[in-house]
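Going in written order, the chains are labelled A, B, C, D and E, and every chain counts its residues from 1.
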Amino acid sequence: GNSASSDKMITTSEISDPGTTDVQKTTSEYTIPLNIYDRLVEAITVSPGKSELVPGLAESWEVSPDGLKYTFHIRKDVKFHNGEILKADDVLYTFDRMLDPATKALNTDFLDMIAGAKDRMDGKANSVSGIKVIDDNTIEITLAKAFAPFLANLATPAGSIYNRKATTEAGEQFGIDPQKTIGTGPFKMKSWALNDTVVLVSNPDYFQGAPKIDGVNIKIVPDAETNRIMFETGKLDIFNLSNSASQIPQFRDNEKWKNSIVSGPIVGLYYYALNEDIKPLDDVRIRKALQMSIDRQTLLDKLYYGEGQLVHGISPPGLLGYNPELPKIEYNPEKAKQLLTEAGYPNGFDMEIVQTTDSPNTLKINEAVQAMLQKVGVRVKITQIDESTYFATRQVGKLPSNQNEWSADYNDPDNFFYTFFSQKNSKVRSYNYNNLEVNAKLEKARTMVDQTERIKLYQEMEKTIAQEDAAWIPLFALNQLFVVQPRVKNFQVAWNGWSSMSYYGLEIVEAK
Amino acid sequence: MNDASTILEINNLKTYFYTDKGVVPAVDDISIKVKKGQIIGIVGESGCGKSMTSLSIMQLIAPPGKIAGGEILFQNKNLVGISKAEMRSLRGNELSMIFQEPMTSLNPVYPVGKQVAETLLLHNKHMKKAEAKQKVIEMFKMVGIPEPEERYRVFPHQLSGGLRQRVMIAMALICRSKLLIADEPTTALDVTIEAQILKLMKNLQEEIDTSIIMITHNLGIVAEMCDYVYVMYAGKIMEQADVYELFDHPKHPYTEGLLKSIPRSNVQQNKEKGLYSIKGMVPNMLNLPKGCRFHPRCIYAEDACREVEPDLVDVGEGHLVRCIKYKN
Amino acid sequence: MHKIQELGGDDVNRVLMKVRNVKTYFPVEKGMFRKKSAMVHAVDDISFDIYEGETLAIVGESGCGKSTLGRTLLRLLDATEGEAYFEDQNIFELTSKELRQLRKQMQIIFQDPFASLNPRMKVTDIIGEPLVTHESMNKKEKDERVAELMEVVGLRKTYGNRYPHMFSGGQRQRIGIARALALNPKFVVCDEPVSALDVSIQSQIINLLQKLQEQKQLTYLFISHDLNVVRYFSDRIGVMFVGKIMELGPTNEVYDHPLHPYTKFLVAAAPVPDPHERSKEKLILEGEIPSPINPPSGCRFHTRCPYVQDRCKSQEPELKQIEGRMVACHYPLV
Amino acid sequence: MGHYIIRRLVISIPVTFGIALITFILLNVIPGDPVALMMKDHISADVVARVRAQMQLDDPAYIRFFRFIWNALHGDFGVSYKLNRSVSSLLMDAFPNTLILAISGALVSWIIGIPAGVLSAVKKRSFLDNSIMGFSLLGVSIPVFWAGLLFQYIFAFWLGILPVSGFDGPEYLIMPAIVLGWSSAGTISRLTRSSLLEVMRNDYIRTARAKGNLELKVVINHALKNAMLPVVTVMALQVAGLLSGAVITETVFGIPGIGRIAVNAIQNRDMPLLQGAVMFTTVLVILGNLVADVLYSLLDPRIKYD
Amino acid sequence: MNIAKNMLFKKEIIEPSDELVKETFWQDVFKSLRKDRMAMAGGTIIALFILVAIFAPYLAPYNPYEVSLDLQFQKPSMEYWLGTDMFGRDVLSRIIYGSRISLLIGIVPSLITMLIGIIFGIIAGYFGRKTDFIIMTVSDMVLSFPSLLLAMVVMYTLGASLLNIFIALSIVGWAGTARVVRAQTLSLKNKEFVESARAIGVKPSIIMIRHILPNCIPQLLVLFTLEIPGSILSEASLSFLGVGAQPPASSWGLMVSNGKEFLFNAPWVAISPGIAILVIVLAFNFLGDGLRDALDPYLKQ
């Protein structure tokens, strides 16, 4: 019986099958990894939209004053699902595996700051010089350069720790074959019917105590409406409204469900990227005009039913260093027109907005924005291209303007600022924003050890990038909404959104 | 005229087609009589209503066609208006038919033996299949199908035209029908095969003593097979007579023309003169000429012919003609 | 060009066409999948001459290869082997351009007046098509010529812009004849031109063909299975049986004194339109026509021949000259 | 027959090869990059370049193509980029689901289509004919994703008698099969109708009537078997077509089948997977064709393959 | 009795009597089509939709592209007959304008399909042998490639645009037409009138154009009317998969697939374009069936 009402299994759904649970080989779809593996450090949600780093598999750690050397003390009582005891060697193995070219890992960015990582990746070394096992319970990691968010970085799903023996034995099947996919987490993989269901069962030996539920059925349900009907007929315990924002009012206004909605802010935001290589977007006046011609409040109200708040810079609320004092970007089509005229485009200009073919939600924003820009004379053409082309074009810095979302991997401004505007990433993300001063500051901020100074620097940069240079158009940070069957208790919106949903704390209480 | 020897009597039969272009009087008031053991012939050109006459007897006229009048007395029972069930019990049993196209008249997906047996089983509710098969094989032998046991199982396409027509004949005669309607049974066959089939029919007729209505446009076949002949033209009978009488003393100009226009092998024809031919062509059934329907093609036509439709008059010895020249 | 020995007949008439050892085989396509193992021997080694101005009839039962022969001689089908000379040109060796030229000289009239006219073309265009194809005529000249042709075949010229389905079978056959005659050919293959027609119409068409032959000195290869028509219409007759010519000679002689048993039975089988004849015991040929895919060994007719001898089963008789005629029989009925 | 089948299969080799080539070319002229796609928003130029090299994606196209063909000939269709699994096992896992769906969908379409076709042929141009044809054409005219949603709404939401989505038992099959079957019932019924009408004109039908058969028996015993000949061909092809054509049904009803795999493969530029899926379905269609021909020959005594 | 004397050389004109059928082929077909009520209803609806498409700017009460989020999801009312969508655009106006794209998507690919199919089909059928083998092998490939997937791949390759939809649907569709035309050509090729043209010395290319093509037209016409609804539905499927018509254009398929998510809270957004598709598809089907019935005797001549 897989139905939601039976026993103490939770049934949830995903739009598409993750394909693999090996976090080293995927850069998204972290829900299952988060529940079956643990990390040295964990980022937990302390209150809606707020997170904190807490000890995970490492019960404590020390950082050298120069911020280069990290020493982790690993718990002694942790058992893998296969019965193996966690040792420092497993950590070494895991991180080495990520950097080993044979793995063809996609998430190397999370570890490539470790000393010797580059050589390992390029096949010049057989091990990573910066990782040392001191004893079974102690591991020392040396960085090539100071990297302030390193701990937060390790707390991402990409930092999940594997078991050397099980992983080596599993070979290519690791992360795929449920029986061979071994972690230390509160849940174990039981079965996996591709494109149908993944079943997780609770791990009674979990080092923090067994979960209160028996397990989780994750159904793969590609169609949003099907999802909804499944939820309403009790076939799902949790319904994620983020894929069907249009259903929000339905549930909000529904007597039966309105009290079952769990909502929370997430550390993430919606934005438009502007490619400065494409004329006339190279002109800051144009970019500012665009910022001012979009009525972001209306977008938020009409397309997302007000569930969220506007963002005027780069950091969304909840992110370390979020600046609530930041001046607001106003909606002012008159001024926008004036700016356009100043820039030499009194009659507006033609602009292309691209998006991927199968993202109806993006299309809605784009269509609305298309109409808004039309009012100031900017003629927008929406081009839908397939995801593959989209990313391939973006990678070489040629993608026209596009709307996108970003939610935090780890709670640090670096995850936003550096990701978008560093010299390295500005091209890959097709901004082609080249403010050398900012570039230098970004590199510097990474290595700063003094957190207060560092935050100040970020807030300064935020003003420059988002408001003076208008390098992008921030839109808003949305709340994440879920409708949850009444029998499910303790449901909490993860600080950074659905993709990092942990089921560990959930409980099931059958109503009498 | 209800004497016991008359098996079929058609009186004033009218079969009309109600099409959107108008009414087609395919069979227009014809009367035919068939005696027991007699072979009567119906001749006429294409489209003159021969097949429709036979289908009317079988009550197989499909819409938009309809029997618009007259009666068809088969063994003194009027088939017009008879119940469907009653008609079905007659079809294939007392009254059967052979069609022109042996190639297409057999169902391609069933073995021929089975198709013949079907008729038998349909009309003999208690007959066992094995018995039916036995009878069919006997019948096959009788119609001259070599190796009848093997042939029972073969499919129509595996047989030649002549054999298929034999199967059709076996099917028609398997219930020893009283009346067999043969609608151009040999048109699709070769001369040598045609001769075989005609001979076979004649023999069978003598043996089983059925009556036959032989429909054809070939005067040669009529001369060879029939006792009494009806000549049809545009839905009407123009002349009817004993076969010798008709060939020796054709009275209607149409019959006369038909007989003359056949190139004869036994008469030395004068090539310089050319063949005799009837001018013009068969009229459109939707728009028949006024008066005698043959008058536009008739070399003797007078004014009167253009006005009144002549009656069929008896000129003695069972010879009837529909021509103004003959009045009683 | 080598000299070809002439076959049979007197030398008074000029030979228009010489046919030598022509074979036309068709690969048999079994089922949906083409497996070309067997061949239909539709025309199997046939030789004869056609004289200018004569009507040579070919008779035989269905499937014996009459049409195939006619079509091969016009090169509408490619012969498998053999030669055919039309006024000393081997038509099997012509290039497609030469062939198109030659087509003005030789034409064909088909059996089915329904299938032989393109239902989507107007009568003028049907009759005018040969003119447009071969002569650079302007529209007016063409229309005049078409009108003339229509008149010749007995069609009212004002009906030129009608479609074929508006005509009766006999009229359609006339259209087909007009089309065939448009380029003033010398040689016309008539492939059962009257068998689809009613008796009353049939004689009209035969008369027309005869009239045209006289007026235009046409040579006909007249294919038919109606022995009565053939007897009336042809000068010489060739009797075919399963791809071969069994007997060839002047019509009346062949009819009155058949030398080949098959001819004898064929002639006897035709129903005679005279009831007085019926009391006579008819000669009836037993058995079925053999398949042209696997013709019987020896004489093809031996399986049905009442006079069969052992030799007939193994040795194939050649077409020999006997009493001024050609016969392919070991034991001709002399 | 054996020979025939073998030769048919031999003939289908160029077709299969051609399809592999076409798919390959199509997928290679698109500017997309599977590695970039795998990384999505976390894209990094270095990583992409490195992983591409590791995956031998930078080899010239023809080398990759022949490598693919060579491996495919050895039964190895490679490993899906996106799903990290062997393509063969992915397809083999999804195939039974799709097969069951296709067959039951086809069954539904026959159950609706054939009687509808027969009825409307017998009652040609009557009210009954029009309404039956209308009903079966309705299935064709409603986009599948709509019909699916409608059924889910009615049977799962309102009436609560059928499961919404998934593939855990026979009850899960009912709605998808009906939706799928209804959408192709129109084709079947129309074909049955026209084929039957044509057969009914044949002389042997008149013969059957002349024997004294009941009209119903004439239709069923004499006409239907002949009329079904072309229908059967289409039916076999239809099953083959449904195997890959059920993409949308599979999506709406969450059925883990070949169609969804193929669509995902296209979307993810997952070359090995798409190649595999296309080859797989192509072979199925070719087999479907063959089955159709063989069935035809079994039903129609006139056709013999030897 | 006096038999007519020598008739042979008498000049004789046969009157093609006026009693014989005078209608041309199309008049005849049209006549029997007119009696078919369903077909006529279909034809009328199609004609209406075509008129709507042509006069869209005059008929549409609002600008179909005008977004005003304030008017989001207005229920059908006197003001907005069919309500508004999530961008506050008038659904009726969008349907009216959508008819342009949807009809184009129905007709253009079907035309291209026909054209390619005719060319390849006739050539394959007429020349046979190797030409036939090659063309038929290619068409086999297309036919064995799942059609929706093929269309998707093509759309991905070429990018989503109206033109590319035409191309994608044509690439998918031509093979079927080619098969039909080829079969027809094969049967026509042996017809006596084609042989007669060859006997006259007409060139193959002209035979194909003058004699074979016109006789395929009835069949093609039926095929054409049935191809159109197929294309319209394919576009709806492509829209569902995200590669159909591109916004702000309003094809019915796009409207239906976009509106699907509001089927419960704003059903009017999706239902009316859905009905439009349904009606036009049914109309074409009924017309096609009617044509088939009307042409029936000619298809089998």
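As a working rule, contacts are C-beta pairs under 8 Å (C-beta built on N, C-alpha and C of every residue); 3 or more make two chains touch, one makes a residue touch a chain.
Just so it is clear, the structure is predicted and the values come from calculations on it, not from any experiment.
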item	value
Chains touching both subunit A and subunit D	E
Chain of greatest Cα-centre distance to subunit B	A
Whole-Å separation of chain centres (CA-atom averages), subunit A against subunit B	90
Intercentroid distance (Cα basis), subunit E paired with subunit B, Å	48
Averaged-CA centre spacing for the pair subunit E and subunit D, given as whole angstrom	23
Shared interface positions of subunit E, touching two or more other chains	7-9, 12, 14-15, 20, 156, 241, 260, 263-264
Of all residues in subunit A, the ones touching two or more other chains	225, 357-358, 386, 389
Interface hub residues of subunit C, defined as touching at least two other chains	168, 170-171, 204, 207, 210-211
Contacting residues of subunit A [partner subunit E, same complex]	224-225, 244, 246-247, 249-250, 298-299, 302-303, 356-360, 363-364, 366-368, 370-372, 374, 382-386, 389
Partner subunit B, residues of subunit D touching it in the complex	202-204, 206-214, 222, 225-226, 299-302
Complex interface listing, subunit C residues touching subunit B	61-62, 168-171, 198-204, 206-207, 210-211, 225, 227-229, 231-233, 255, 265-278, 282, 284-286, 288-289
Of subunit B, residues touching subunit C in the complex	45-46, 160-163, 190-196, 198-199, 217-225, 243-244, 247, 257-259, 261-266, 269, 271, 274-279, 281-282, 297
For the subunit D and subunit E complex, residues of the former touching the latter	12, 14-15, 18-19, 22-23, 26-27, 29-30, 32, 125, 130, 133-134, 137-138, 140-146, 149, 153, 186, 190, 194, 198, 241, 244-245, 247-248, 259, 262-263, 266, 274, 278, 281-282, 285-286, 289
